[in-house]
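Two complexes come next, and they have one chain in common, chain A, joined by chain B in the first and chain C in the second.
Entry: the complex of A and B
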């Protein structure tokens, strides 16, 4: 609460026409700020406090232990395993999705008749509940009767043990994530592509540039802002994603798909080790803060002040 | 019209893309018509519709296992939370778009950055808050955190829409004696209606699939939402009854399918809100 009142008193109103009381700003903005302070900022601080305690569900309040959780975490091989898995997942998911998304956007830019129907189908996955995406792919990839394995055997190959082997499970998680989220990159890049002026392309054609050169030298540079935007969003969402792994592999086998989100969840929900779980979550926030700050140097997200 | 081979290949590729895109959903739909044993025996499954079995599967999922009730819970929770987020977020977006005050930029970026917050970082405190307030296993127990989740997105989308309306309109109305709040209510809201629809759709979508907080807050089956209900349905049984799991899948995809028909017009705008223009 005190935070809210200080924010109110500190807010000085430069916009001061005669019938423009500062009260109006506070009236319009106040409820939103107050709500976020109570239900977002406070929980974040509470999490920070939790991360400095040894609270478990059994003990009730927990004792202040300083940075003990963070020290424990830095030497916990399971934490580093999860961090590594998160890094692998984010890097490969985003890279594959950007390449496929741009390719799809270029393809749909051919303006084929009936293209909008296929586009509608392709957009469905990203609206789906990730838990159900997980279940759906567990059916498709079932080693005994799944459709995918049947198809692979039909063309005479041996299907891999998608979710059952340590070496393959992360690959499978990344592939399913790509199935669900490539449409996101596609639709954003496609929207940008549609908005580009045709003059440049006509000029390039007049100058005799082939399709490959046109793509490399003209299309790609003009699409870069949209691609970066989509990649940043995807990177953050892949980093914090949790439900897909819950539904698809439950972090296994042998923790090979346990990402930081899932690791924190296991410590909090399963082992009720709230302090440690909060410390892991705070490491994630730290990584996110650093990561997005670096990335946002290259991309403007606020509407209105874009270049 | 002459037929160009490149064009033909492109259309073939489009058809293949459509088939591959639709196949997982059709597969799920076919599995949902089967007996449990048939799924293991028929590879690939054949399409011979047995209506008694279909009715049995869907009856089991919708009524016996409660997916219909879970869907209603989701609609209630998401509906109320989205309406509240619009109600709180729209005036804030208007203030950010029109009024100049100290730290407005930083304040806006702070709110917008909350869209990136990992739910795992706030799930436990939110759960403890809800528990302290005695709101476990209730609609408010989910609605209150969900408003906070969709609020940043609503503000973000609405700022974009307000920014597009020339501020001369506000000024004209204010010269005519309207107050700021009056301008928003009487002048802006009718103009910005497409924005409200976009913000509501994407605010709703953002929390429709929420799982983690629901997992903490809801214990009783009576208040489970779609994602939580589906998760407990498909993980509770061991081994999974795949015909039932597939039926659960179809039942959850149907609202999404209906939703996507409405959302097509708005999807680009909703997703790229705040994107570089």
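Entry: the complex of A and C
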């Protein structure tokens, strides 16, 4: 047996084949698999099991109730209120962030002098913990002594009832979310913008395309994968948003900012209805899985635009 | 250990009759107190032990006790301050874990239901006594209390406020009734409390007003005292636990309201939120809006205490333990000009409010070898000296009659007299007898807050609460 054959045999023994993995494969993947099983897969199944029980603090041990929690959810107006709030938050937050993020990316792509400093400052909100952002903005918007209201009054205007009115509180939550996360969209889009080949733009210029046409017909299509990626990422994040709500509005007033995450938290950790809370969480998972699959598929069908 | 095997022990408020060498426990307490109380707080760094001599406080030296307690109030701060003294006197170590209420409940339930609790002592909210003590998770304490070998002689059981003891400590397992019988499962701690009426004496005097005794007088005073700088009154108007529990419930029961009829056990536990008194109590709050701070619908604990302390509110009813700092000149601009009195009431009705407070118990599922040590630690943290320190330093409404009536403390904090009366006459909210208490409270706060904001009227809000409560109670099996 030649040396080459011996080496190949040993490699096959250690790493195995595509169909029959060898020891080394399991050894290398093992820790990762173990981690996933313990911290992701097991909790996933455990919470699924939980969602099929009537476990509360009172009962202690939950009885299997099948899909009763899910059936109850579907006729619970509070669930639909939370779902609607989540949808509103995701739609408006992400839309505003995408528009602002792209605009900022285009602006900073002009390579103005000192732009890198502003860019750095712009990213700071993104580095903060959402719960801190919530508490900080709640203080800034405090109607009695908040800095924002004080500033508005100084210029002779009447500040809105940021977190006190049903109509305004969701707007405030969306604005604060945009303040924190627009930089994320900006940085993704800006990075893509920097990587675009200049040849296309030069060709367009030679062909007499103006700035608006260039943006609409060339820049925007080439940025689409980055924009969709940022939008999907942000949509998932905004949909799960809990800590910002907890710190800023605590779901109120009159449940006008209670999102699905907050609703699940309330049921689980305030009312100790663990089974019901798990069902809410699973509904969220389902919505997210469907939503992201659809959106990511949309990215895949347009790869040509990115090249 | 069954409750029937226990010897009778003195109920709080009764004269103690435990044989301790010819002296009753109260006698011992009084004598020891002459030495102990007078010297205990010459300073935290003092060397005089908190307990009288003759009891081996160090028998569990080296043992580590873990306590799970609230981090939302000042109890944990007072205890942390006292830690060096605890270590010095007992030789034990006390590890404090003090999360916010939600996490505290979650952590408590996890530990109570585990094979073995990580915490030898757990502080539970009085509203959860039925759920947690009634669930059979805590050690019965009668045998410890009655045993002079386990209980320091100057730990005065009879001195614990009887109403607080009934609210968090005494439970009849057979009937599932809190406050019934003689079986003790928890000790009031680290604070008790109810609701009292805070008012600006200087403003009332200047306007020729007396503190309100009725709700009509309260409103009239609010109207008269309301200026651009000072709101005529305030209340918890935010979607906050105390909107329902303090402001609405106090007005409700002092105008003749009865929150629940029937019983959960009989499956006829029916709410009366949409009763005349229920709607009336909410309407009272709505009617006060013109005289309250402009943003009162966002006012919770902190906003009200801050507003009052800085002189922007003329009167309000509030948890005495939270608002105590208003009477402390270190924290308040109006400490010298604020007075207290019992809450107003409806014509011909007695002033009273909701019973608050906490209890501390020893979970059954702790290491058996640590139970005696846990009890000793519990007696230490609920001792007179710790009570006194908590009041003096943090204005916490502690849980001993002696602390509320201590002449020196009363001279410094006159509100203690009213706070004690409030605790003694307070009413245990009936919904706290079922595990759905927080869910019911949340529904009420959301709807009442919406009414205060102006999106619905009082009647609609109360009807909505009634409907939602009935649905929750039916689902939980408390209402057929």
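As a working rule, the second predicted complex is superposed on the first by the 274 of 307 C-alpha atoms of A that agree within 3 Å, B and C clash if a C-alpha of one lies under 4 Å from a C-alpha of the other, contacts with A are read in each partner's own complex, and residues count from 1 in each chain.
FYI, a residue touches a chain if its C-beta (ideal position, glycine included) is under 8 Å from a C-beta of that chain, and two chains touch if they have at least 3 such contacts.
Predicted model only: the values in this text are computed from it and were never measured.
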item: First (chain B), second (chain C), both or neither touched by A:155; value: neither
item: First, second, both or neither for A:57, with chain B first and chain C second; value: second
item: Partner chain(s) touched by A:144 [first = chain B, second = chain C, both, neither]; value: both
item: Chain B versus chain C as contact partner of A:75, first or second or both or neither; value: neither
item: Touched partner set for A:206, first chain B, second chain C, both or neither; value: neither
item: Residue contacts with chain A in the superposition, chain B compared against chain C; value: B
item: Which of chain B and chain C A:271 touches, first, second, both or neither; value: second
item: Chain B versus chain C as contact partner of A:294, first or second or both or neither; value: neither
item: Intersection of chain A interface sets (partners chain B, chain C); value: 144, 269
item: Residues of chain B that touch chain A when the two form their complex; value: 10-11, 13-14, 17-18, 21-25, 27-28, 31, 39-40, 42-44, 88-89, 91-92, 94-97, 99-103, 105, 107-109, 111-114, 116-126, 128-129, 144-145, 147-148, 151-152, 155-156, 159-160, 163, 174, 179-181, 184, 205, 208-209, 211-212, 215-216, 226-227, 230-231, 234, 242, 245-246, 248-249, 252-253, 256-257, 259-260, 263-264, 267-268, 271-277
item: Touch list for chain A against partner chain C, complex; value: 56-58, 60, 143-144, 161, 163-166, 250-255, 266, 269-273
item: Touching residues (chain side chain C, partner chain A) in the complex; value: 102-103, 105-106, 109, 113, 131, 135, 238-239, 293-295, 297-298, 303, 307, 434-436, 438-439, 442, 446-447, 449-450, 453, 455, 476
item: Residues of chain A defined as touching chain B within the complex; value: 10-15, 17, 19-20, 22, 24-25, 27-29, 31-33, 35-36, 39-40, 42-44, 46-47, 50, 107, 110, 112, 114-115, 117-118, 120-124, 127-132, 135-137, 139-140, 142, 144-145, 147, 150, 179, 184, 187-188, 191, 225-226, 229, 236, 239-240, 242-243, 246-247, 261, 264-265, 268-269, 274, 277-278, 281-282, 284-285, 288, 292, 299-307
